[in-house]
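What follows is a group of structures, each given as structure tokens.
Common to both upcoming complexes is subunit A, partnered first by subunit B, then by subunit C.
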Partner chain A sequence: MIYNSTVARLTYRALLGRRRALMLLALPVLLLVIAVVIRALGGADDRAATEILGGFALASMVPLIGVIAGTGAIAPEIDDGSIVYLLSKPISRRTIITTKLLVAISVTIAFTTTPILLAGMILNDNSQQIGSAYTVAAGVASVAYSAVFLLLGTVSRNAVVFGLVYALVWEALFGSLVPGARTLSIQQWSLALAERVAADGADITSDVALPTALILLTAATVLGTWYAGRRLRVLKVAGDE
Partner chain B sequence: MSTGTGTGGVRDARIHDIGYRHYEGRRLGRSYARRSLITHSLRGAYGLGRSARHKVLPFGLFGITAIPAIVMVAVAITTGLDELPIEYTSYALFMQPILGLYIALAAPQMVSLDLRFKTIPLYFSRPVERNDYVAAKFAALSLALFLFVSVPLLIAYAGGLLGKLGFAEQTSGFARGLVAAAVFAVLHAAIALLVASLTPRRGFGVAAVIATLTVPYFAVTAVQVVASEQGSPGAVEWLGLFSPGTLLDGIQAAFLGGVSEFPDELEPSGAAAACYPLVAAGLVVLCSYLLTRRYRKAGL
Partner chain C sequence: MTTLHISAASRWFGNVVAVNDVTMDIAPGVTGLLGPNGAGKSTLIHMMSGFLAPSSGSVTLDDRPIWRNEKVYREIGLVPEREGMYDYLTGAEFVLANAELHGLKDPEGAARAALETVEMTGAADRRVSTYSKGMRQRVKMASALVHEPSVLLLDEPFNGMDPRQRMHLMELLRRMGDEGRTVLFSSHILEEVEQLATHIEVIVAGRHAASGDYRKIRRLMTDRPHRYLIRSSDDRTLAAALIADPSTTGVEFDAGEGALRVQAVDFMRFTTQLPLLARESGIRLLTVSPSDESLESVFSYLVSA
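And now, the complex of A and B:
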């Protein structure tokens, strides 16, 4: 069994309740506002679409929403110790992890792919399939980010910080300085898929070949989930702050 | 009407001296309390006075910020350059992701623990007033950030002097770098503290601070590139006003003789340039005002 509806309901409430949903919504709204402004001022432009969707949406919006949803699905519960009430129920810990992963993935996909596709439509009427390409990339990146950040949530109390270190420092800073760092980046793996979907004229390039990217994406997701389940099985709940 | 026990109590009533004593030392007062709060918060921002676990991240990030300064001095000396590869004024911008992480760690640690464990009323039972608390936290975070940026600059300056790169040039660059660092520290401290004070949960505060600092930066940079490609460089300088990172970039390019990271290294000029320091100052004032307003009710 990989899905438990009660655990899912609780996780959805933890992720979308109160101010979290507003914060998740702020980023897509900003993307749409930028798209509308650029279309109104400069007209349809394929390079503008690539720049906004690649430079803003895929590079910062998707990882940030991934961090919030991925770590938010489990880290606060471990942090305040209320995870024991969940663990003491007759539910397999692997089921808890896979359920939380599915919830995190669905939230990330919902808050990233729809606005990116809409922004693509607004920016250049999805010409050269640029909008669809980035939508597909955001979809697969959401899956991998959720798995990796959920794992971080079970490993460390500073999960949010380490998630952001990966998303901002590794992918953005080292990626631009050290070319080798780019091959180990979820963003580049998903760009490989975007490169394939978009028309040849679109200026989307990735440093990773498509088969390699797909293998790495699958490996990151499966290994991340497996190890997160393993971590939860040996979790010790100790309250120290 | 009196009861039996009551009358019994009256007959046996006496006052025992059980040794309580009055405090007869000097009362150190409000300014002392304020100073203590600043010192305590500043030490906390680097994890001093806390367990080793809390020192790892601040000092780790500090090390990462200082390494490029050391490397750049070594490179300049060994290869015989006549100036440092990175200018003093743009050092903070170059290290922005690391600095952003440090701010995101330090700001919530400074305010959200007090909110979460409801220690705020304990502070206000002392002669500290609400505005003192806000001012102390603001000063401590600004100072922590300023140290974080200026110590690597000092290393680079010392190295530059030892490498005989020209005293006058290095000193003027270093002084301008310190001004840029001070602007950076005050602006970012105000924004980060306001965001962090809105939530008692540390993890959420970290994410919120990072998001408010980086999301506008990524958005503005992407739109600037588009504006530059569509042939409207006039829009680029006005767009720079909309994120803390580009705001600082514009200030150091227009007033401190640095080179901006805007498309085509564009330098703000005229009315747009004048707006940069105004917007920065306005932002600091607005954030401090909202912060004092937040603490009128916080924790009660």
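And now, the complex of A and C:
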């Protein structure tokens, strides 16, 4: 079994509780506001669309939402010890991880793809398929980010901090300065897909070739999930002693 | 009927030994796991609940390993010490989720029954975050009972409970024990263990210090004199007769109590000699009560040993 509906329900309620839901909503709302303002000031512009959807939405919004959903799906439960109630049941720990992964993926996709597609429409009426390209990229990136950040949630008590460092420092900053870092970046892998979807005239390029990107995306997702399951099997539910 | 077997189990963290070569069987009935704070009780309970692997030795449920064996949870109910418990759910939702996670046929019915058992039906629709410590403890208890486990493991269950809640939980645990379930609870508070369990397992500094009925354990401590409070029809004559016997090392007349305080070194001899001596001297014994057979004296002896 890879899915348990009760585990999923508990995870959804934890992720979509009031405070987290507001955090998840903040960036998509910001994206739409920016899109409306740019369109109103400068009219439809493919370049602006690429810059905002690539430079803000895919580079910052998607990994940040991935961090919130991926780590939020498990880290708080490990932190406060309530994971005990899941672990002390006749359910395999792999099922717990795959269920939580599916929930994190669905939340990340929901809070990233729809706003990106909408923003693309607002910015340039999806001309040259720029909006669709970034929507597809955000979709696949959501899967990989969820797996990686869920793993981070089972490994470290400071999962959110490490997740933010990865999302902001590695993906956004380091990646733009050091060319090598870009090949090890979920953002670049998903861009390879965007490059394929968008029309040839659109200025979307990735440092990674599409086949390599697909292999790396799959590997990150599968290995991340596998290792998270392993971590959960040997998780020490430490007491206060 | 299910028995937990711990055999030659040790657990160390780095170079700190938390549990050191412990062998014990936890049989049906109520057992108290007693020890000072930091003695290794929680580590031991974590091993029994499958959350920690023993570094050496084994922990099994009958003959099935507990570590990395999720199936054993069909028979184990767990009341953890930590407070985290999905505060955004109501008590009823929390217990229902636990019932569903066990894959029960009628989770709603089971959850309702468990909440009734712990008398939490009234507040079941309030969020867990609004509960007092005692209410949380009872809902945890309901979640542990929802699948009618044959083994119940409770880590410091009475912490933070008021006396009425404590009594209620004790009654419940006693009933579970009488039904033939294996109930193990840990505590560092002597009175709790004394009131609830006659069978105790004592852990001191990671080692298994004692096991059994605490009254019997007391009697085995032959190097410590036993103290008795005795009232009779003629205390002074009895005092003279007792001190003449080698089983007795001291007699004091306690005027306030109107009784003798007797210190005996040879438990077996003293208990057979006392009635004989009384009969020979024509004295009627009115009260003979051990004045230090409490768990407290057993415990302080074991901890200082």
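In the analysis below, the second predicted complex is superposed on the first by the 238 of 241 C-alpha atoms of A that agree within 3 Å, B and C clash if a C-alpha of one lies under 4 Å from a C-alpha of the other, contacts with A are read in each partner's own complex, and residues count from 1 in each chain.
Just so it is clear, contacts are C-beta pairs under 8 Å (C-beta built on N, C-alpha and C of every residue); 3 or more make two chains touch, one makes a residue touch a chain.
All values derive from a computational prediction rather than experimental measurement.
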{"item": "Simultaneous placement of subunit C and subunit B on subunit A, clash or fit", "value": "fit"}
{"item": "First, second, both or neither for A:51, with subunit B first and subunit C second", "value": "first"}
{"item": "Which superposed partner A:169 touches (first subunit B, second subunit C, both, neither)", "value": "first"}
{"item": "Contacts of A:85 with subunit B and subunit C, given as first, second, both or neither", "value": "second"}
{"item": "First, second, both or neither for A:36, with subunit B first and subunit C second", "value": "neither"}
{"item": "Vertex subunit A angle, Cα centres of subunit C and subunit B, expressed to the nearest 10 degrees", "value": "80"}
{"item": "Touched partner set for A:9, first subunit B, second subunit C, both or neither", "value": "second"}
{"item": "Which superposed partner A:59 touches (first subunit B, second subunit C, both, neither)", "value": "first"}
{"item": "After fitting on chain A: smallest Cα gap, subunit B-subunit C, Å", "value": "13"}
{"item": "Subunit B/subunit C common contact set on subunit A", "value": "79"}
{"item": "Subunit B - residues contacting subunit A, complex", "value": "57, 97-98, 100-101, 104-105, 199, 201, 203-204, 206-208, 210-211, 214-215, 218-219, 221-223, 225-227, 229-230, 232, 235"}
{"item": "Contact footprint of subunit A on subunit C as seen in their complex", "value": "18, 37-38, 40-43, 45-46, 49-53, 68, 70-71, 73-74, 76, 78, 80-86, 88-89, 97-98, 100-103, 143, 155"}
{"item": "Interface residues, subunit A side, partner subunit C - complex", "value": "4-7, 9-10, 13-14, 17, 77, 79-82, 84-93, 233-237, 239-241"}
{"item": "Footprint of subunit B on subunit A - complex, ascending", "value": "19-20, 23, 27, 30, 34, 37-38, 41-42, 45, 47-48, 51-52, 55-56, 59-61, 64, 67-68, 71, 75-76, 79, 158-161, 164-165, 168-169, 172-173"}
